[in-house]
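Each of the two complexes below includes subunit A, the first together with subunit B, the second together with subunit C.
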Partner chain A sequence: MKENREGIKGWLNPTRYGANRFAYWLQRLTGLGLLVYFIAHVIETSNIVYGRSAWEKMLAFTQTSEGHIVLIVVIGMCAFHAANGVRLYIAEHGKGIGRPGRPEYPYKPASLGLGMKACIWVSVALAALAMMYGAYVLFGEV
Partner chain B sequence: MMVRESSIMRIHYYTGLAAIILVAIHILFRLTVPEGYSASLEYENVIANYKNISYALVLELILITVAVHGFNGLRVILLELRQGDVWESTVKWLCIAGAVGIIAYGTRTIILASMV
Partner chain C sequence: MMKSVRIRVFRYNPAHDASARYDEFEVEAERWTTVLDALLYIKAHKDHSIALRYSCRMASCGSCGMVINGIPRLACYTKIYELDSDVITCKPLTNFPIIRDLATDFSAFFAKHKSMKPYIINDAVDRVDGREFLQKPEEVEKYLQFSYCIKCGLCYAACPTVATDKRFPGPQALAQMYRYLIDSRDSATDERLGIVDDRHGVWRCHFAGSCSMVCPKGVDPALGIQLLRAYLLGIGRDNKIVAELYSKEPPK
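Moving on, here comes the complex of A and B:
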């Protein structure tokens, strides 16, 4: 059994399982990224209690081009994680995953129909749109 | 006390859905300032946000829902990678400590900033 355990390598391999695996992998990566950002955001915003100069010092550090790029990536992660999370919530309640049936060649999983695949790509598209809007807001102010 | 994994996952989904709505409100507060996004981050503006009881409540709810959802998500990922009694117990308690710690720290900021 032990040789079948692939650990992180198996977890990070999106190639063998199609769109569902890609979404699974991206959901976890974006989740971890968002958790790191959330902790950093709680810590950075705590500067407000140390007065105006501490707050402005923190803004000078984060409100830069590099800071904006990080924020745009966070916006994309947030949009994908939320949209794909809603898809998972719907699937968890048994909607859109097809009916169980006898496995027949070519063994297409009933759980990943056209609707579910479309939802994954819509999540990716929403993330791209959100990132574009974020870039417009963050870099649009001259 | 043992909590069923299905109940924990139900909490995971509900905190996720709640976080979508609450974070959307949080972002709207930054985007609806007439002077623009940068102006919304000015010291007076942010302090005024914290002094607004309704908004402070939204921030506290974001803190709780995202911390619970995030640290439970981390727990799920770590339990998928490895199993075993010691590992599962360690991961569980570290994630609980992480969530409680970040909620406590964020709550401190909300309370102190609202009293400035």
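Moving on, here comes the complex of A and C:
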């Protein structure tokens, strides 16, 4: 029999199952992005062992427009990942997801109700605001 | 009003075919025509060799689950007009091994369901003697929703965690675990929690919510899983009081 498991490609399409699936996709994406940034950050700061000039060369990148854009994206990833993480933390403590009841047609899952959806869009809005503030601070200096 | 739609059917026989293909059929659909109606029409009049599973035709048996236009759905519960497309693609449920064409193997799915011990565990059951457990209506409300599960496998097909972790029980099994855990007639709380308190168990769920989106019976497995996790974290444990047997003699 053919296995037919969806595999990682099942994670890649965020459009099929509504806001929660989109938040799941973005949480994974931002988590991976932050992991890449963390590793790059450790490599960058470890340049100090090669002397002051190597350190300053790396640091100079963060002062360029490209470096600023990278930092703004990192700010956005941090803000969304943190805010959505708080939502998930609250949900797994059984709060904000509704209560079991008698299902009535047309079925609307309580766990995917307005409260959870609002939290997702608030997380996205917070990330956008943080990015705008980051852009204002970083590009404002130029 | 009738409209003509093109039905694309996934064809694959692991015993003979090297790869899968899609066969296409033109079907006339009325407003009330379901995808299952269309497939059975094709089977009767155009190609009788298509393999699919179905039984009740009224969303009660959970047999005709398949991926229709990218989303796991019951074929008998999905009207062609609702899909708002002239092309309808039918594929076997993802995360289930393919037996042939649209028929999939539920062995692993049912084994996971069985591993949750989906029955009441209570030593007092041996002493029932025609007596009943006393339950308040609010105690019934806690699990009733989850007992509507028809084991159609749509949630299992939609779950991104099942897609990558073979050991993850899946939304159906975990929701059923909560259904029996929270039932006041059940006294095997610690035994049940021990089954799912594992890194491949309830903690592997990332609350993508896809299971609840596709459930055709409003079971909301994502809700059950979050409540199960909350229970493991100690929230609501004090509220469960194991029901006692009705003490009066049954009327003669």
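Note that the second predicted complex is superposed on the first by the 132 of 142 C-alpha atoms of A that agree within 3 Å, B and C clash if a C-alpha of one lies under 4 Å from a C-alpha of the other, contacts with A are read in each partner's own complex, and residues count from 1 in each chain.
Rule of thumb we're sticking to: a residue touches a chain if its C-beta (ideal position, glycine included) is under 8 Å from a C-beta of that chain, and two chains touch if they have at least 3 such contacts.
Predicted model only: the values in this text are computed from it and were never measured.
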| item | value |
| --- | --- |
| Partner chain(s) touched by A:Val70 [first = subunit B, second = subunit C, both, neither] | neither |
| Contacts of A:Gly7 with subunit B and subunit C, given as first, second, both or neither | both |
| Subunit A: partner with more touched residues, subunit B or subunit C | C |
| First (subunit B), second (subunit C), both or neither touched by A:Leu126 | neither |
| First, second, both or neither for A:Glu92, with subunit B first and subunit C second | both |
| Which of subunit B and subunit C A:Leu32 touches, first, second, both or neither | first |
| Partner chain in contact with A:Trp55 - subunit B first, subunit C second, else both or neither | first |
| Subunit B versus subunit C as contact partner of A:Leu138, first or second or both or neither | first |
| Partner chain(s) touched by A:Pro100 [first = subunit B, second = subunit C, both, neither] | second |
| Doubly contacted residues of subunit A, that is, touched by subunit B and again by subunit C | 7-8, 11, 28, 88, 92 |
| Complex interface listing, subunit A residues touching subunit B | 7-8, 11, 28, 31-32, 34-35, 38-39, 42-43, 45-46, 48-49, 52, 55-56, 59, 63, 78, 82, 85-86, 88-89, 92, 137-138, 141 |
| Touch list for subunit B against partner subunit A, complex | 9, 13, 16-17, 20, 23, 31, 36-38, 41, 43, 46-47, 50, 63, 66-67, 70-71, 73-74, 77, 80-82, 102, 105-106, 108-109, 112-113, 116 |
| Partner subunit C, residues of subunit A touching it in the complex | 1-8, 10-11, 16-21, 24, 27-28, 88, 91-95, 97-98, 100-105, 107-112, 116 |
| Touch list for subunit C against partner subunit A, complex | 12, 14, 70-71, 92-99, 104-105, 141-146, 148, 158, 160, 162-164, 166, 206-210, 212-220, 222-224, 226-227, 229-231, 233, 235-236 |
